[in-house]
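My structure is below; once you've seen it, I'll send some questions.
For reference, chains read A, B and C in written order, and residue numbers begin at 1 within each chain.
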Amino acid sequence: MLKMTHLQKVYRTHLIETHALRDFSIHVREGEFVAVTGPSGSGKTTFLNIAGLLEEFTGGEFRLDGVDVAGLDDNARSKLRNEKIGFIFQSFNLIPDLNLFDNVDVPLRYRGFAAADRKKRIEESLSRVGLASRMKHYPSELSGGQQQRVAIARALAGSPRLLMADEPTGNLDSLMARGVMELLEEVNRQGTTIIMVTHDPELAARAQRNVHVIDGQVTDFEEAPKLRDPGAPARGAEAVAANG
Amino acid sequence: MEIRPIFSALMRSKVSMVLIGLQVALTLAIVCNALFIISQRLEQMNRPSGMNEADTFTFGSTGFGQGFDAFATQAADLALLRQMPGVAAAAPTNSMPLSGGGWSTGVSLQPQQKTPTTSTTIYIVDSHAIDAFDTQLVAGRAFKPEEIERKDFGDRLQPRVVIVSKALGDALFPNGDALGKEVYLGEGPPTATIVGVVDRLQQPWTNSDTIENAMLVPAFMPYGTSTRYLVRTEPGRRDEVMKEVEVKLAEANTGRIIGRMRSMEETRRNAYSQDRAMAIILGVVIVALLGITALGIVGMASFWVAQRTRQIGTRRALGATKADILRYFQTENFIITTFGLVLGAILAYGFSLWLMDRYQSPRLPWHYVPIGFLCLWALGQLAVLGPALRASRVPPAVATRAV
Amino acid sequence: MFTYYLQLGIRSLRRNPILTLLMVIGIALGIAASMTTLTVMYLMGSDPIPWKSDKLFYVQLDNWGVDDAFYDDGRPPDQVTYRDAKALMEAGKADKQSAMFKLNLPVQPENAEIKPFQSLGRVAYSDFFGMFEPEFAFGGPWDRRQDAEHARVVVLGKDLNEKLFGGADSVGRTVRLSGTDYTIVGVLAEWNLRAKYYDLTNGAFNDPDEFFMPYTTGMDLRQRSTGNNSCFRSPGDGWDSYLDSDCVWQQFWVQLDSPERVAEYKGFLDSYVNEQKKLGRFERPLNNRLSDVNTWMADQRVVSRDVEVQTGLAFAFLAVCLVNTIGLLLAKFSRKAGEIGLRRALGASRRDVFAQYIIESGVVGLTGGVLGLLLTGLGLIGVRALYSQYKTVAQLDWTMVLLTVVLAIVAAIIAGLYPTWRACRVQPAAQLKI
């Protein structure tokens, strides 16, 4: 699904070069739920930005769902982002002037779906997060947990192959955080690959696999998936098994 | 394009929409009406007077002291003028187009007519007048020297022959057969016969309703001790001849003052100075107004872009291309401008009605408003382009930045 | 606190120089446009003689043709005939009165170095000076006896005295006008008339009268006025039939010191016209008018339509500039939500926040006002260049300077009210979250 090999990211100002990522390699398989952890400044946000095609990298190779990302221009990256990736942000990033319906609509508009298709998808994904009845409400009328659910609905509405979550529970209290986490696990069970960046080890523990980033390098690369719930249909695990 | 969500987002922050909208509305209303006033003034200013204005000038002579003979002076002056090098033609006249002062009278077709058929200005001239005005004789003939009557100032003018402008001829005789017809000046006989028709000759007053109605009357009639002359020079020699005339005529007779020496070009400038001033002032207002409105849009749009940086980053992360972001702000500007323009159209007609009611100005022609729409749409798009481009350059990574 | 807020305001404005500049320029342009036109309109239309403008009356009598009114809307002729002027003067029913008209005469200076030139003056009765009260630099007006004697005397305007005598006291000397010598009895000081309100027939802003001569003396010249002569029927041949005709060419002013006197004079005019009707004159219905100075100026549209339209447009322009400023202030203040929240958390009351931001708006207004004043000065220079005849009315006086600055501050504060109100609504804690 996502494969980075010897990836490099160097920030240059005219005075200094900062190596945010050096020789960074990771392979996320289809259906996995991977948690990326690391202390502040370790490069995990840079990884997230590059993996989510929000930033370019300076060296190495990166294939997303079989596409070589290196040669893509800004428009192609936007398109790829739009089609293949769903984003969940720490601060939700809902657009305050749009109601829930229109918020979920945002990526679908850029996708160019027909109106009827969009409506169906919006309604489906909002009911999936349990907020179908509040479609006409504005983000400011919701609790933080509800807002993050809307963000999840927005991320899922375009049926992406990959969900990128950036500290999805960072701005939530523990009760709401649990609800959001359960929702993500549910989404993962239904087949969407998830990469979650977090500094919270407890949260990371709930993922199938943990990747630890320190100083721009992957230091901990667990091949074996941890299955918390052996009874669950572990598609991720199967995929891992099939692949490796 | 995504008009509906942009619109509903706008409705959540009505104030900014109202502010820019109001500005656009007032701008449209003012610009349309101001442009219309300018165009009316320009139209007025561009009307031809019917005479040669490039090579002509006028001046006055006023005698003083006992025993000043205005008739002898006039005859001597004309003789002197006509033999001066560079002078193509010279004639005495009491007034001329664009000068702002002159004589007018009613013209009737019947004796003792209760209200005159129309009114006209009278130019009291001699047989050289058509040549001096350099207007085109389209029918009939010029005055003959023997037709020029000597009149004391204050006596009634009772010309037997007159020459009319085509417009006056048509006003009196709509069939266009004025030549040879008889008309009454003021009240009562004797009648005057139209012996010539000139293509065009305006009245002295630029705001007259009957500006095209003029009549030439053959007479020598000084205004007290004053006479005015109209001189046409050979092309390009006007300024040189003016200086020469001033000196020569003053030398020829020291018992009078040569004054009010003015080229017809200067006379025209003076005649329309108010209209010109109005057009310039309104032009300045229009430019300043468009500038202010554009700056207002730039300011507000920059503010919105700054305020929504994160939102823009989010949109980029969710798959918007740079062009999508650019288009978002352009569409938003288009919606706000359109909203303002619709209001502005109403205001523009309201303004026009007020001007009609208070100043009897004509109705604003309909096409000004749609043209104004196009201009302000263009202005809005141009003004928003800078901020919108800045918005499109917001990197998508902004979305993951900590608050 | 005021100085503290002032400092804060100035510092805040200096932090966003471009936004501040936009606001200041917006206010300055709007103020300059409206003040330029307003100054012209105010000076054109302002009362030229406020202490007695309600006691001076312009007389109109409707002697026009039975079938054709002088003005389309039925107003009587704007001048009177010689015979009516003469009759009203002889009756002498007003407290002061004068018939008058303007006359162009050739001046032949004693000094041979100055070439003879034309001069525009006015013939009037001695009451003219008592009614319109010009100041004398030397000497004084002639008297009623000299009116009666057709005395060959003149009063010179400041400019003509300057030209002929270098500004010296010329009382007692003579000046030769059209071949006749006149004794100078007085010289006017500078007479700053914005509008030449006592004779509006050829525009209110033309050059001032250069000399004054007794009416009786002027009539002896048997010369028509240099102003408008209007006749509705031919006057016939010769000077005497012209004097006897219904042509109007003179102005007639009276001074009436009380409302009772006004009513009396009105009655007198009506009975005079009714007498004349018996002689076959005044065929139209009774339509006499007594207009005081301001009424007459309004009637004759001293403030031109163009100037009114310009003023209207200028204020609409100011409105646009204000809306513009509201938008920019809103932008500026809402960027400071964080700071406001912090101040509120540190104990600032809503009133404090309000005061701080209103004062900041006021500073913008003051700056805009000062710049606007400069631009108004430029605007008036422009108006003087465009309208040569408006020299007397395109001038800034202290009232207008003060009004400009006050208007700018008030405008900016009005523009700042809504943004400030919004700023005040920021909750103390809302912006402090990490």
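By our rule, contacts are C-beta pairs under 8 Å (C-beta built on N, C-alpha and C of every residue); 3 or more make two chains touch, one makes a residue touch a chain.
Small disclaimer: the values here were computed from a predicted structure and weren't measured.
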item: Chain located farthest away, centre of chain A as origin (C-alpha); value: C
item: Most central chain, judged by mean C-alpha position against the global CA mean; value: B
item: Distance from chain B to chain A - Cα centre to Cα centre, in angstrom; value: 70
item: Chain centre separation in whole Å, for chain C relative to chain B (CA means); value: 26
item: Centre-of-Cα separation between chain C and chain A, whole angstrom; value: 76
item: Multi-partner residues of chain B (each touching 2 or more other chains); value: 403
item: Chain C residues within the chain B interface of the complex; value: 19, 22, 25-26, 29-30, 33, 67-68, 104, 106, 108, 115-118, 178-179, 223-224, 233-239, 242, 304-306, 308-310, 313-314, 316-317, 319-321, 323-324, 326-328, 330-331, 334-335, 382-383, 386-388, 418, 434
item: Touching residues on chain A, where the partner in the complex is chain B; value: 45, 48-49, 52-55, 74-75, 78-79, 81-83, 87, 89-91, 93, 95-99, 102, 105-107, 109-111, 138, 154, 158, 166
item: Residues of chain B touching chain C in the complex; value: 15-16, 19-20, 22-23, 26-27, 29-30, 33-34, 37, 62-66, 68, 114-115, 152-156, 186-188, 223-225, 256-257, 259, 273-274, 276-278, 280-282, 284-285, 288-289, 292-293, 295-296, 299-300, 302-303, 306-307, 355, 359, 403
item: In the complex, chain B residues that touch chain A; value: 2, 5, 8-10, 12-13, 310-311, 313-324, 395-397, 399-400, 402-403
